[in-house]
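Input: one structure, supplied below.
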Amino acid sequence: MENHLLSLVTFLPMLGILAILFVPRARVDVIRWIAAGATGLQLVVALIILGAFDSSSSGIQMQEHAAWIPAFNIEYFLGIDGLSLPMVLLTPFLSFLAIFTSFSINKAEKSYFALFLLLDVGMMGVFLSLDFFLFYIFWEVMLLPMYFLIGIWGGDQKEYAAIKFFLYTLFGSVLLLLGMLALYFVSEPHTFNMLILAQQPDIYSQSLLLGMNAGKVIFLLLFVGFAIKVPIFPFHTWLPLAHVQAPTAVSVILAGVLLKMGAYGFLRISFPILPHATLWFALPMAILGLINIVYGAMAALAQKDLKKMVAYSSVNHMGYVLIGMAAMTSAGMNGAVFQMFNHGTITAMLFMLVGVIYDRAHHRDIEGFGGLATKVPLYAGVMGFAFFAGLGLPGLSGFISEALCFIGAFPVFTWIAIGATVGIVLNAAYFLWAYQRIFFGPLNPKYENLEDINKRELYTLIPLAMITLFLGIYPAPMLDLMSATLNHLVDTVNAAGLMTGF
Amino acid sequence: MITVALLILLLPLLSFAIQIFFRKFIESKNGEWISIGIQLTTLGLAFYLFAVMIGHYDPHFRIEENVTWFNLGNFSLEMGILIDNISVIMLLVVALISSLVHIYSTEYMKGDIRFSRYYGFLGIFTFSMNGIVLANNFFMIYVFWELVGLSSYLLIGHWWEKNSAADASKKAFITNRVGDIGMFMGLMIIMTVLGTLNYQGVYTGIASGEWEGGIGTLFGGANPHTLLTWAGILLFMGAVGKSAQFPLHIWLPDAMEGPTPVSALIHAATMVAAGVYLTVRIFPILTPDAMATVAFIGGVTAFYAATIAITQNDIKKVLAYSTVSQLGYMIMALGTGAYVAGFFHLITHAMFKAGLFLASGSVIHAMHHALHDIKDHDTDAQDMRNMGGLKSKMPYTYLIFIVASLSISGIPFFSGFLSKDAILAGSWAYASTAHEGWLASMHMAWILPFFGFGAAVITAFYMFRLIFMTFFGESKRPDIFEKMHESPKAMTVPLMILAALSLFFFYTIPSINPFSTHGWFSHVIENPGTVVNFGSTFNLEHFEHANHEAHMPAMILSLIVATLGIGFATLVYLLKKVSAESLASKLGVLYKGSFNKWYMDEFYINGIIRPFLKGCDAVALFDMEYYDHYLINGAGRNTKKVSSGVGVADDLIVDGAVNFSGYIFQWLGWSLKFIQTGRIQNYLIFALIGVVAVFLLNAF
Amino acid sequence: MGYIESYLALSAILFVLGLYTVSTRRNAVAILMGVELILNAANINFIAFSKFVTHSLDGHVVTIFVVMLAAAEAAVALAIVLNMYNNTGHINVDEANSLKQ
Amino acid sequence: MNLSQIVQDLGFLTPEILLTGLILLAIIYDLFLTKETSIRTGYLAIAGMAIVLFSLFAQNVEASQGLFNQMVAYDGYARYFKIIITLATILVMWMSFQNDELKNRTIGEYYQLMLVLVFGMFFLVSATNMLSIYLSLEIVSIMSYLLAGYLKENLRSNESAIKYVVFGGVSSGIMLYGISLIYGLTGSLNIYEIQASLAANAAISPALLMLAFVLVFVGFGYKIAAVPFHFWTPDVYEGAPATITAFLSVAPKAAGFAVLLRFLNTTLTLSGDPNNIALESLSNLDWPTLLAGVSAITMTVGNVVALQQTNIKRMLAYSSIAHAGYMLMGVVVMHHNGVSAILYYAGIYTLMNLGAFFVAIYIKNAFNTETISDYTGLGYKAPMIGIAMAVFMFSLTGLPPTGGFVAKFYLFRGLVGVGDTFIWLAIVGLINGVVSLYYYLRVLYFMYFKEMNFPDVYHRAPLQFNILIVIIIIPLLFGWMIGDPLSTWTASATSFFVP
Amino acid sequence: MADLIFWLFWGLTVASASIVAFSKNLIYAVFSLLGTFIGVAAMYIFLNADFVAVTQIVIYVGGILVLLIFGIMLTNRITQTVISESSFQKMFGLTVVFAVLIMVLIPVLGHTWTNGEPMAFQETIHQIGTLLFTDYILLFEVASILLLGALIGAATLARKER
């Protein structure tokens, strides 16, 4: 069935950009609502895709093929499966909400929203491309608007953060490019088509590159590229800076969607195409996941800046994803992807909430608050909800995915999983400690007149909270969407291991 | 039945939702009665279940319903409801005490600024607690386990303006999570080996030998018996946290920062008993080593907490440590194999301890109002040293205190006697027959009865110390004393119900012999024995026999020790034959240790938490100031020095970016710049040098 | 005169003398002289190879073209030098170093 | 070579003949113009170049030819570069109308000289004889000197011209010396005969061969500004009229690459047929490794020094050195992919570099500064200029979705595609890409991040300039997205003439 | 005898070229260049290249050299002693140039160039003329465009702005 839903969902924001370009700068309202409309429509299309999606099939659906640069066998190739679908739902959803969060942006709105929509296109494209070249293009496309969004609308250290983000990611994508080319040339026939690449795992494990096993070399090249995005320790130091300096909505997108792209890259490219190398690297990945969890949590515990704490919590949370997917079990894999989705919603809430308090108090120093729960009970309540979601309280979605990651990893990386359970306590420690310092105790007299969260802010948070709650109670709808694909992925990788006697 | 159970489970949640989302409306219209109504309904439903259960009068009565929660193809998790004798009795206890607390709170919490929220949180607590009780698998119990942790957190922190309350709530949650880690690990082991977490599935899995087969490469192919021991101990870790067992007991005394009805409901009667309930559920899979561990921890806790309770002056703190101690009893009972006794003590303890707490709440309430009347905001309303002689002012409360204290001290005709006596007999029997488990192999099994009886003496002593200090003698603060008066009916009626339930015959029906343990309870609850049929195993028959033997001596001994304790308390605090102060100074270190809770908190704070936080600071510092700064941002460039010279923004970008691309590049560019002299003939010479160099490099 | 090496050696010497001239002379015209030396060196090569190696007249033709080009280049270069003189009053190339980093 | 042959061959030189006519016409037409009206020569030149462009497109290069006793070749390869050069010329001439440096002076000769320069480049890209290579190289050089010094009352322009003439004169002299050695070694000036002789005579000492090659390469290296023959570039670029700088950084460089590549792939290979997909270098002359080294050093030096620059023209000069280094990567692979990558890169580079220069020129005119740090807030003052600059900077860095990325991608693809030999060079190239990001972004940093204030009235660039920029940006941004016509074209443009 | 004359001219060429390179006085240098050109022309004659030799004399001596002398005259006042200008980076230059000399001489002289008998003397004017108008006609015409361009350019730069 050839329809163009996927192209539509990818390029819809482009129409928004065009429309915005023709609106005079002064008509800020119009610009905002165009942006909201574009992402809203995108969300609708994503939901239509969800409706048309057949969750029982593990294959690629709604494929769109077009020859693009035939000289190099490059195709315009979009498709969706159980791995990309959660991300495809998450992206427009968070973008849509982030647009509303962005309503508080009060300088250069026109460029802001145009860049934001461009970012949206890039992210969507990454999750839908099945041609590595196309994937890479979208991967990079999203860099540029992000650079400006941080650099122009960011905080005090915005330039530093922006350039650091850019250089870091560019460094990663350079290696990614090299890995991609290596894949292209090792494969037979030379192609960037991920599906065809994935059909010949033996070629990579058996040929040599630079005198080493080609599969491993390529995996390593891709690994660094993706690891920077995830981010995996020791490639994570851009994250606290970028998250903290970025404006709220951009932090939401950064943490909510961008971090997923790294993990998505592993699952979409590294794992199915290089299963042998994947198994070989699984243990190091799990160890890095453990480091991410403990290190991220410890760093979060020590932060004085609320946003930084939330940023480090992302390092911590992505550690669960790593452990889950490295284990190569059904539970772990599903848990990892589910965790990606959940982290998206939960961390988005957290960043939005940090933005709310920052808009009012103009600082984010945890110690500088105190007793706010009395003054802003609603805000305290929502924040409490988000914090508990972040620390993996049962009944909220994060718990299930974390638990699945653990359960999946346990049979394979027993000691790592055991070590990682420390994260359960540390999560609680940093979230609750921060919560106490902000909201409990006697009211800091500075905040006698603090305003509670307003309707607009609340309405952007409620959908996220609803999803978090719903999936926490009844995760099956989401898990059903992805399990077929992910189980197939697990089987493929493990089968490759069996054949070579791993 | 299942529908009823579901209603019991979900109705409190409704109450929560109503209280939270319609707060404004409710606070103006006595909305607490909505919650109370809901709660009473669940009580009725619980009674209905109870009636059905009693109607069956079958130890193996059991209804279970399972639904798939989610299914990943080759991995699935289920949710289900299990109704059996244990859960029905627990449900009834929870519903009953919850209802009483709901009613009690209408007066106790009157005028509180977060009145409706308080009721909402009570609702969510009851919901989660019911969830624990009704769960039919370990995963689900874990889910609700955490949720009661949440409600406990919320309720302890109810008066969050007080730093101590905020601290206590956080401490409770985190300490519990430490225990939960263990529980989760145990859960993972079982899930990995057996592929199911359903209670029955786990039991049959182990019994049928699936356990040995399922281990595979886990832990490099662990010994099945050792692994099961560990699984049991790890699951039990959850109970250690939730039931405040040593060494994770530290949160419970602090949790008294919450409103007193909450202390009664959550931190005395129900939630803390969830640990015991969990131990009951894992009882069949415990290996002798695991049982020894459980018993030992329980014994230590029972004795250790009791020693602390002696010296506390805060009325609620005494009760808190008493609770810890009693929970230790229950755990010890289960560890020694006295399954029925342990669970029985859970029920009886719930009643009398809730009674004690609510009664103490009544005292505190009165004190508080009295203090409020004389505009004294500095005096601690909970300090027993400010009380004394209250029996004339608060007769009902006094009466209830006496009843409950007799019960907890193990005096005949009261419920506590029945259960405690059974526990002590169990520990005696364990010590005398144990051949399995590490306690036995180290010849330390007799330490358990020692702990048990020792704690019994102390319990009797401190309970009566409390009564004498509070209700007898002269008032230490006559100014307050004048203003004191008995609490309103909404408070005293629940108290009376609980006091009544501390009498023996509710539990021995149809028998009305106060010394008999053969009532309906011991009929419907029977020791399931073990499902472990490999390695060394717990021998139920053997144990029952020894238990029977030990029954009589234990009963006599326990009576003696109870009398001793009460007598000594009378000597010191009522008759003042022995001065408490001189006793304290004579005991010196022991007194100080007990008074300071054996420095456990200090140990945690200075030994673990502070160093760990320092470690975290070090990590954060390392991350940004060293790792990022030097390694990522480039070789040895001192940002601060530069930024003081150049403008900050420019510095940051130049610095950041160039640091990244590296000091090396910068230096290289800088030096190459000098080659560009502007003199064309220099260029020519350089080019010629290049030519020669290229030629030399390539031609030779 | 019967050996090609004598011509090649001469051309090599002229070549390096030309290089030396262009790289050390301050005066722009003198530098042009150095360039002429280099071109002459190459021309000697062409003619010598024509006689001794290739036995064809291609070398001669090349030389004629080179001479012509040298003239054109000299004319252009001198125009530029004169222009510089008009602007600065000197033609010392090493002083023309305002363009540098 | 009889008359009929001459007449027949002339038929293949339509664009050149048209160009010659255009030159003469421009000279004659200019005689009738005054200082004020001399700009009309420029219009004439543009119109003429358009016709030349048309005639280029009209050429049928199915069958390649050697013309005039194989002095020049008639093939798709040459035509491709001629088209690029013609396009660049038209763009630069157009931009010249906007360049304030050229206002209020007699301008006719400027266009005449540029036309002669184009004429030289046309022959350079198709030259297949050492003499014609040398001759056309000299035309290009001499016209470049003149154009660099065109602002005769301007000291910097003078200085730039004199440096250029000295460096260029010496370089071409050295090259000529090298050619003479090759003539002696092989007895011929025809590159095909030279190849045949070299391939047949493997006994020639590698040292002598290398000497001859290195000396010849001095001439090419100077033209494409490869290290260590790049020294003239920044000084000349900074002093020359800005439009000429833009032109020099693009067209002669492309032509230089064209002739270098033809020379290497024809003369210094075993087969002597550059139409082969994969080539092998002469067994006794390992020039690919030499050029790989030159490439690595060139891009590194270009980038690293560019990091330090504060003047936009100098920065772009060094960046153009770096880009020469990138393009050399395509030379060393000796593979069809490398050749087409260079062709592609030349096309894209022409667009993006011209664009960047044009914006810089415009800023110089409108805001009177060439210093990057003075660009503060320009992105807000003149949004169109800012966006254009951003696109060019990103493209020069090689970031998607700009054409610069695709061009670079093809280069790396060529390099990685031949196996492990030059992976190291690819890595050096990629690291250089990251380094270059910094100085390109610095421009944007000043334009956007340094300071943010919206003027009450925007600065609006003249329509003519905006159209010019849009004409450059559109293919740069979107050209490759829709079927990538350039890649198809470059793939077909790698047909060389071989006898 | 011929050998002696050859080596005389050889020596003249080298010596005068050395003066061009090393002399402190610019006027000396220019006039020594005359010697070099004449010496090179003599070499052409020894190499049987009569036409080229004549061209060398006519264009180099009559054209380029005169141009250079004009250049010097126009840019220096005769009385000015700066004409005897110095050079710079001499040692540096000398070292590098010496290295280049070695680099050129060793391979070039190490190679066996001779290819049979040297070409005997013949009259070349006719042949060169034929070559220029047949094989090299294209380049010949192209060169004319170059000269045209150089003419325009040089004139533009040299003349006063109208």
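Chains here go by letter, A, B, C, D and E, matching the order in which they are written, and residues are numbered from 1 within each.
Going forward, contacts are C-beta pairs under 8 Å (C-beta built on N, C-alpha and C of every residue); 3 or more make two chains touch, one makes a residue touch a chain.
Computed from a predicted model, the values in this text were never measured in an experiment.
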{"item": "Common touching chains of chain D and chain A", "value": "B"}
{"item": "Remotest chain, chain B as reference, centres from CA atoms", "value": "E"}
{"item": "Identifier of the chain whose CA centre is least distant from the whole-structure CA centre", "value": "A"}
{"item": "Highest-count interface - the chain pair sharing the most C-beta contacts", "value": "C-E"}
{"item": "Centre-of-Cα separation between chain D and chain C, whole angstrom", "value": "26"}
{"item": "Whole-Å gap between the CA centroids of chain D and chain E", "value": "31"}
{"item": "CA centroid of chain C to CA centroid of chain E, Å", "value": "6"}
{"item": "Euclidean distance of C-alpha centroids - chain B vs chain D, Å", "value": "77"}
{"item": "Residues within chain C bordering two or more other chains", "value": "15, 18-19, 22-25, 28, 31-32, 34, 43, 48-49, 53-54, 58, 61, 65, 69, 72-73, 76, 79-81, 83, 93-94, 96-101"}
{"item": "Contacts with two or more other chains, residues of chain A listed in rising order", "value": "159, 163, 167"}
{"item": "Interface hub residues of chain D, defined as touching at least two other chains", "value": "131, 135, 138, 142, 145-146, 149, 152-153, 162-163, 166, 170, 174, 181, 184, 187, 207, 211, 234-235, 305, 308, 434, 438, 441, 445, 449-450"}
{"item": "Touch relationships between chains, expressed as pairs", "value": "A-B, A-D, B-C, B-D, B-E, C-D, C-E, D-E"}
{"item": "Touching residues on chain D, where the partner in the complex is chain A", "value": "340, 380, 394, 399-401, 405, 409-410, 412-413, 416-417, 420, 423, 426-427, 430-431, 433-434, 437-438, 441, 445, 448-450, 452, 454, 480, 483-484, 487-488, 491"}
{"item": "Interface residues, chain B side, partner chain E - complex", "value": "681-682, 685, 688-689, 691-692, 695-696, 699"}
{"item": "Touching residues (chain side chain D, partner chain C) in the complex", "value": "131, 134-135, 138, 142, 145-146, 149, 152-156, 158-163, 165-166, 169-170, 173-174, 176-177, 179-181, 183-184, 187-189, 234-236, 238-239, 305, 308-309, 314"}
{"item": "Of chain E, residues touching chain B in the complex", "value": "88-89, 92-93, 96-97, 99-100, 103, 107"}
{"item": "Contact footprint of chain D on chain C as seen in their complex", "value": "11, 15, 18-19, 22, 28, 31-32, 34-35, 38-39, 41-43, 45-46, 48-49, 53-54, 56, 58-59, 61-62, 65-66, 69, 72-73, 76-77, 79-81, 83-84, 86-88, 93, 96-101"}
